[in-house]
Every structure is written in structure tokens, then in C-alpha cells.
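Common to both upcoming complexes is subunit A, partnered first by subunit B, then by subunit C.
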Partner chain A sequence: MGWLLIRGWALLVYIFMFLPVAVVVMLSFNASQFGSFPMTGFSFHWFVELANNDAILRAFETSILLGSLTALVSTMLGVLASLALIRYRVPGSNLISTILIAPILVPEVVLAVALLLFLNALSLNKSFLLLLMGHVIFTMPFVILVVQARLVGIRRDYEEAAISLGAHPIQAFFQITLPLLAPAVFAGMLFAFTISFDDITGTLFWKPGGVETVPTQIFAMLRNSISPEINALGTVMIFLTVGLPLLGMAVARRMALQRGS
Partner chain B sequence: MSAVSLTNIVKRFGKVTAVHRMSMDISDGSFVTLLGPSGCGKTTTLRMIAGLLDPTEGDITIKGNRINDVPIHKRNLGLVFQNYALFPHKTVAENVAFGLKYRSVSKADAQKKVRDALELVQLPHVGDRYPKELSGGQQQRIALARAIVIEPDVLLLDEPLSALDANLREDMRVELKRIQHQIGVTTVFVTHDQSEALAMSDKLVVMSNGVVEQVGAPEEVYNTPASEFVARFLGTSNILDGRCTGLDGSTVALDVNGIGPIQVPRDRAPHLSAEGSAKLVLRAEKLIVASSNAPKDDRIDLTGSVEAVDYQGQAARYFLRIGDHRLQAINMIDDHPFAEGETVSLRFRPRDCAALPET
Partner chain C sequence: MGIEARERRQPWILLAPALTSVTLLLFVPLAFIVVYSFWLRTATGADQVGFYLDNWQEALGDPFYRDILFSTLRIAAITTVVCAVMGYPAAYFIARSRGNKAILLLMLMLPFWISYIIRTMSWINILGVSGALNWLLQTLGIINEPIQMLYNETTVILGLVHFLLPFMILNVYVALEGIDISLEDAACSLGSTRWQSFLEVTLPLSLPGLAAGGLLCFVLSAGTYITPLVLGGPRDAMFANLVFEAVITQLNWPLGSALSLMLLAILGGLVLIYNHFLGMGQLMKGLG
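Moving on to the complex of A and B:
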């Protein structure tokens, strides 16, 4: 009986959390031009509208470019940082590790304002590069956490064996360590992309004038009216941000299975 | 010329000295074992030869060239690890061929070498499989093939058998020795297992606490241990305190506490040089437990009692007491071991004993 209550309660919590999302998805297929119930018919009209909206398409382009660059840069830096922290004895490695992970713990607004003030102190202007840097700062901890966890599990023997067989340490890294690390690198990259793609707080502070990402575009549109287009856009975002990591996890798992470790 | 030579090697980790002033020469083509309990510095020594660790002091030469500053990947060594360390994402053939990629070997030659190496380890048909599809023993053979296919100057084996189960370990022992003999590669083997060390080596280096305790052929080390540590570490020994009361060219006279005078051959006491405190080493298998009414013979005969028996099938280990002394004997048995509490006759020959100076 007790368990039944707990299950029922858990179900209610989930419904509370996910029902709004479901509503958004449902309404995006609503034929009515008011984004509300009752639904008057099933239609892809708002998705077509979406595809014809230049502002939204531009925002998509920006978001995808920003997300991809963020993923690339923060994965590269994150992998290097993990290697340094796990494989080499760096003085103060605990402190460095904490500092690298800290952006997860600091509220995003604080981080956003801090970076902005810092830029101000250096009398630099807001730019796409700054936006990218900001995104790298708070996506890198995820990359580092995922990559470090896997790196700890890869025994040094493999690298030592490769080097003893004549491979230069750099060759050993690309031949042995990186392939074994690939599932984690891939997962970290996806994390970075999704988090960057989804981010609004930091982006609002850092974006230069005239540049909009998808979340800031939605935000801007919401200020004027609640158009069903936003529902359609929301649906696309939901599928991207949920689907990509799921896909990534599936691929990473396959890779890990194949590699047999 | 020695294949590998270590001169006054010291390795410190912070304040801990892992290896202290170690020197040794390994002659070309020989099989040398570094033997000792864990933490004795044997693996550290191996890793210094491999280049995975830098010695704090001293020189390492391979084929006469000082290699202290030569990076690992230019040392041309074959390294076999305890956990095999086969690359899990590469097939067996790719694993074995790995080292050849970094040597100027043509594709065709490389394929042939890989085939030959797999044949040498008696696994010619597994080239297309992945390491995880092989058993532990097979993986260790592949690791060996990978290390020898590059024709290394020295083959370094770091406890390669300890991850295998007991029966397989003995098979691999024979196999490893055969392969080493066949290709004639100078081999340094690290183990804490005395039976492996005794069975496989041309030369044993017994280490303890970072110091070399004794170097010699297995028989020599077993029969004439240089220290109490060696006597206790190899086999089961009874070590009895006493005094050396006189020594000449052929015999050493000992007065063993609680047992009496015993004349040990001089060549069984090469480390004893003066009268004074000394120890008698009596191997457990040289102490024969006999029925108390068995006819007397030329052996020293003591009366004792059996305190405990450890029955092992073909043999038994007896825990015995003579007066205040506790001794151990390991004897082959015909059908029944002697029983606990039984009074027995304990016999041994002085020439089976060794003598050590008090340290």
C-alpha cells in the first residue's frame, strides 16, 4: 500500500513536470491561430511558418554554429585538461580541478555578470567570440567530468605498451588513448553542444547586439505575443535537446561495446 | 659484453628510497629473474630499465650504450605486463604488428613477422579476433608475441604469469622458457613467486627493501643463501642460532643452541669468515621425520614430537618441537603421515645444512 502511494506520487510529480512540455508539443500541431485550447484541427502550418521566418532561421544558424564551436573548443580544452590532471603530476592539481569544475556550481547569472564586468574592465566590446568563450566556460566542466571518469579507467599500461613498442607519446595518444577515450569525448561534445544550444541566461548577457540564438529569439518573441509559431519552435527545440543526447548516448554505448573495455 | 648493465642505481620517490645502490650485469641471451616480496624494488628496477622511470642516480647501459637519457620509444625493448595491456580496440594481428609500424618494415615483411610470432606462441589462427575474445593465457601469449616481434634488445617481463590461474601458470612457465630459449633474447623477469624464479632463471637476483641480497644461479642461491632473508624467502627453512667455534678449508664447526656441535662443509658456508655468532640453515625437506624405533644410521638423530601436521597429498608439512626449538619438516609420505603428538626421530645430514654469519 505504502509503495503504491509512493508510485502514485512519483507519477504525479512527473506529470506535473512534463505535462506542460506535452502541451507545447500538442499545441504546435493546432490549426487555430491562437496558441491555446481547444484545438481546432491538426496541421503542420506553424512548422511551415517557422521555416519561412528569416529571424528564426538566422537564430537557428547562430545557435548551431555557436553550439558546434562551443562543443569543439570545450571538448579540446576539456580533454587536454583531463589528460594533464589525470596523467601528469601537476602542482596544485586539486585546486585547478576545482576551478575548472566551479562554473557548474556558481549560479549562471553571477558568472554571466562577472564575465561582463571583466570584459568591461579590459574595455573590450561584446562579440561573438566573447559569447563563445562564455559558453566554453560553463560547458567545459561537463566535458572534463565525463572524460576524466573514463580516463581513470584506461590503464596506463596501454600507453606504456605502445611507447615501449616504438610509438612516440603523441602517436601513442592518437593511436591508443584517444580511440579508447572516444565514447567519453563524444558524449562530452554532445553535452557541450546541447547545453550551449539550450542556454539563455548567459547568452542574454553576452550576446552582441543584433545576434540572436534560438532561446533568446523565443524570449524576444514571447515579449510581443504568444504565437503558435513559438509552440512549433519549442517542439523543434525539445526534440533537438532531448534527441541529440539520447542519440549520442546510444552511439557512445555502441562504441564502448565494440571497443570491449 | 653484457646486454644490460646497471651501475650504482638509486631510485628515490620523495624521501623513500625504492632502490639503493644496485649494480648488476646481465649477460647476452640470459634469463635473469628479479625476485623479492612486494615493495622490494624489483618492479621499480624493471621500469627503470624500460625507461618508464628515471633513476635518481647511476647509469644503465644496454649493449654498452648508456641509455639513461634515451626516451622509451627509442630503446627497442619488449615489455610484457601483468595485465597483458593488449590494445582492446585492435585485433590480435594489429596488436602484434603495432611495433613494426614504427620500424622500417615493409607491409609484406610485417605480415610475415606477425605470422611467425603468432606461430611461435602457438596461436597461429587468432589474428582476426579481438583480445577480449581470448582467454587470459592466450592474451598473455599475444602480449609476448607483440613484444618479441620487434626483435628487442632486451625482453622485460613484469610478473607476466601472476594473473593466470595455477595450472595455466605452470604451462606458461615452460612455454615462456621455451620461447626465450628459441629466440635467445636477453630477458629480465620480475616475480615474487620463488618457484617461477627457481624454475626459469639462469640467474637469480634476490632483492629486499631496495637492496640486492644475493645474486647467483638458482641452485647456488637455494643451497647457499647469503642471508637469513634469502634462506627464509626461498623454500622453507629452519634457522637455528649458534656459534661458529672454528673453521678451516673444508669444514665449519658450529655449536647450535639446544642441539649441539655440527660440522658443516666449508662450501655451504661461503659467507662465514670468522668465529662468533652464526646461524644454521636446515631446509625443511632435508629434515627427515622417522619413526622413533627406526634403526639408527649415520645421520644426526634427535628426538622430538609432532605438534601439527599439514597434509598435502604426496607430502606432509610437520610442525615439530625439540626442547625449546620449533622446527618444520616437509617430507614425502608413503601412506600415512605421522600423527599429532607422536614422538618421532628427526634426522639430517650436516652436509645438507648451510651456515650464515650473524647479521
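Moving on to the complex of A and C:
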């Protein structure tokens, strides 16, 4: 009886989580002129509109470029730091961990203001570089958390075995450790990309005038009125942000399986 | 150089880029806005360097700011409680389910990955004047005219709950997974009812997870300004909106610095209190 109640409650929670998203996807295929309820027919009309909207295409370009560079830089920084924390006995490693995680312990608005005003005082104005630095600093903690969690599972013995068999430490790293690390690195990069691609809180502070990422473009469009184009854009985003991590997980699992066999 | 010395130096070389970035892009900027908050923005738009308390007097003394601060904390607290009430049973269901837990968790993570702005605006499709609910009510003949359900404090809380619920569920789930299920069985076999064994064994053991989830929900909702802009009315501004206004719209950067630091002091203080009593371990488990 109690279990039935819990089950029903959980079902309601799942519906609560999914319903609004399902409505976005549904409305994006709506044929009606205003794209609101009721559904009058099935149409790709709004996706065609979307594909012809230069502002949105530019926003996509910016977001993908920003996300990729962010993923690259923050994964590099994060993987190196995680290696140090997991593979070595570093004095004060607890404090160091806390320092490295600090960017997500500080409210993002505060981080955004501090970085913007500080770099502005150094005469570095709002720019793509500022956006990149901002995105790197708040995605890095997530990369470190993800990579550390996976690194713990990789034993150091393999590397040591290679070294004792005559490999140079650098050689051992690139030929033994890095391939073992690959799934963790991949997961970290994907995570960083997704977070960067989705960010709006910091981005609105850092972006130069005229530059829009996909979330800020959606935000700007919302200020006018909600058009079905937004729903179509939302549908594309949903498939991107859900599809990419799912793909990443599948690839990581595959790589792990291959190694295991 | 001996091998030992090299061993000792290597981790620092690996840590250097990350530590330098956090220092230069977070800690130094934070120190800078502390100083900046004592400067003055003059009418001409130039900064007057010095030690002025004006910004702090305004930030701390103005009843306008104080009211918004209190309503922000109230909204964050309500959001946290709603997340806990909605999330705990759901997390319990996943943790104790005999079905495929991975799939259940994954289904929960899917909306988590969907863009925050999309999830926030999706409620307009449901609650807006031409949204699903109004259409449904009109079709059923319950109302004749569409009613405005959006743009108030309730919809802001709704949007925040929708955004933060997965954080809560995940943290509670991690804590519940760590509890040996035989403890509950033992309590039952010793004569307590299922409900009693839950209240006296499971619930207390899962409190750290609930606290971690609660902290995340509270801190993240108290620091948001997007949700009130999208789902709130003109009078539903939260504290972070004041920061955004001061920095981006009014370009009063010293005042913006003071307001940011106020927010940091309150939310950072909460994190420190949490850390003192429970440590960061539980929080990191839920995040990773």
C-alpha cells in the first residue's frame, strides 16, 4: 500500500519533469499560425523558418565554437589537476580540492560580476575571450569531479609495470595511462561542452553587444513573444543536449567494454 | 635532482595551470570587487577611487534592497522545501525499485540535461494565456476567457522547482543507495512496522543527502535572475536581478560589487556552515 503510494508519487514527479518539455516538442510541429494550442496539424514549417533565421544560425556557431574551446581548455586543466590529486600524495590536498571546486561554490552571478569588473579594470572589455575564460573557470570544477571519479578506478600498476620494463615515464603516460584515461577525458569534455552550451547566467554578463549564444538568443526572443520558432529551436536544443551526452555515454561504455575484453 | 625531489615537484607542475586559473579568474577578481565596492561611481560615469561607504549604506540600508533580499530568501526556502517533499519519495522509489535503476535514473537525468532556458520557457506553453491549460479549461467550458496564470511568484517557484528537482533527487538517491537495506529488515524483524523502521532508521541515515540536495537547491535558487525575468512579473525581481540591473543596466559597478558581495556573504556563509557540520564529501558525491 505504502509502496503503491510512493510509486504513484514518483510517476507524478516524472510527469512533472517531462510534460513541459513534451509540450515544447509537440508545439514545434504545430501547423497553426501562432503555434499555440490547439494543434491544427503536423508541419515542419517552423524548422524551415529556423533554418532561414540568420541570427539563430550565428548563435549556434558561436555556441558551438565557445563550447568546443571551453571543453578543450577546461578538460586539459582539469585532467592535469585530477592526475596530481589522485596519483600523488600532495600536502594539503583537501584544501587544494576545495580551491579548485570553488568556482561552483560561489554563486555564478557573483563570479560573473567579479570576473567582468576585474578584467574591465585591466582594460579587457567584454569579448569572446572573456566569455571563454568565464566558461572555462566554471566548467573546470565539473571536469575535475567527473575525471577524478573515473581516475580512482585506474590502477597505477600498469604505468609502473611499463616503466620497470624500460619505458620512459612520458612514454608510459602516453601509451599506457592516456588510453586508459580516454573515457574519463571524453566524459569531462562532453560535460564541459554541455554546461558551456547551456549557460546563460554568466554569459549575459560577459557577452559583447551583438554576440549571442543560443541560450541568450532564446532569451532575447522570449522578450518579444513566444513564437513557435522558439519551440522549434527548443526541440533542436533538446535533441542536441540529450542526444550528445547519450552518445557520449554509449561511446565511453563501448570503449570500456573493448578494453575489458 | 633526486627521484624523490622530482616526485614531490611533479604534482605541483600538474596543478599549476588549474590553480593559477582559479586564482586569477576567481580569487583575485573577488578581492578586486571588495576594493571596488568602496569606490564611487560619479554622475559622469567615471569611478572615484577612495574609501566610501555609500554603496554599502545603500545596499544594506535601503528598504527596497532589504525587501527583495527577504523575498529572495523566502522564495529559495519554499523552493527547497517543495523540492524535498517532491523529490524524497521519488528518490526512495528509484533506490528501492526492483526494476532497472539505471533507466529510472537516466530518465530523471534527461530533463536535467535539457537547457535551463528551454525548460524555464516551456512553462509559458502550459500556463500562458494561449497555453495548454487555458485551452483545456476553455474547451471543457470551465472558463470563458483565458486567465493569466503566469508572471507571479508562484510561477517563479514552479520554474525553480522544475530546474532544481533533479539535484535534490540525485543527492537523496546517493544517500539512500549507501544505506544497507538489511538495516530496515532488521528493524522490521525486531517488531517495528515498515513506517517506523523508515522513520527511525532510513530517514535519519539519509539526512546528509537531503541536506546536500537542500543546500544546492537553496543556493542555486537564491542566486538566479533568469527565472524571475522569464516567469516572474515586474514585481518578482530577486536579489540577483538587482545585481544584474546595477552592473548591466545602470552601469553602477561599485554598487553592483557591493550587492554581489552581500549575496556571496549570505550564500557562502550557508555553504561554510554546511561544510562545518557535514563536510563537502556528500555534496561532491551527489555532483559527481
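We adopt the following convention: the second predicted complex is superposed on the first by the 254 of 261 C-alpha atoms of A that agree within 3 Å, B and C clash if a C-alpha of one lies under 4 Å from a C-alpha of the other, contacts with A are read in each partner's own complex, and residues count from 1 in each chain.
The rule is simple: a residue touches a chain if its C-beta (ideal position, glycine included) is under 8 Å from a C-beta of that chain, and two chains touch if they have at least 3 such contacts.
Just so it is clear, the structure is predicted and the values come from calculations on it, not from any experiment.
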Clash-or-fit label for the pair subunit B, subunit C on subunit A: fit
Partner chain(s) touched by A:Q171 [first = subunit B, second = subunit C, both, neither]: first
Touching partner for A:I163 - first (subunit B), second (subunit C), both, neither: first
Arrangement angle, subunit B at one end, subunit C at the other, subunit A at the vertex (C-alpha, nearest 10°): 100
Touched partner set for A:R155, first subunit B, second subunit C, both or neither: first
Partner chain in contact with A:L180 - subunit B first, subunit C second, else both or neither: first
Touched partner set for A:S227, first subunit B, second subunit C, both or neither: neither
Partner chain in contact with A:F118 - subunit B first, subunit C second, else both or neither: second
Contact breadth on subunit A, by residue count: subunit C or subunit B: C
Least C-alpha distance (whole Å) that remains between subunit C and subunit B when both complexes are overlaid: 6
Subunit B and subunit C contact sites that coincide on subunit A, given as residue numbers: none
Of subunit B, residues touching subunit A in the complex: 50-52, 72-79, 81, 83, 85-89, 98-99, 101-103, 130-132, 143, 146-147, 150
Residues of subunit C that touch subunit A when the two form their complex: 7, 10-12, 14-15, 17-19, 21-22, 25-30, 32-33, 36, 86-87, 89-90, 92-94, 107-108, 110-111, 113-119, 121-126, 128, 130-132, 134-135, 139, 162, 165-166, 169, 194-195, 219, 222-226, 229-230, 240, 243-244, 247-248, 253, 256-257, 260-261, 263-264, 267-268, 271, 280, 284, 287-288
Partner subunit B, residues of subunit A touching it in the complex: 155, 157-158, 160-169, 171-172, 175-176, 179-180, 258-261
Residue ranges of subunit A touching subunit C (in the complex, touch as defined): 2, 5-7, 9-10, 13-14, 16-21, 23-24, 27, 34, 36-38, 76-78, 80-81, 83-85, 87-88, 90, 96, 98-111, 113-121, 133-134, 136-137, 140, 142, 144-146, 148-149, 194, 197-198, 200-201, 204-205, 214-215, 218-219, 222, 226, 230-231, 234, 237-238, 241-242, 245
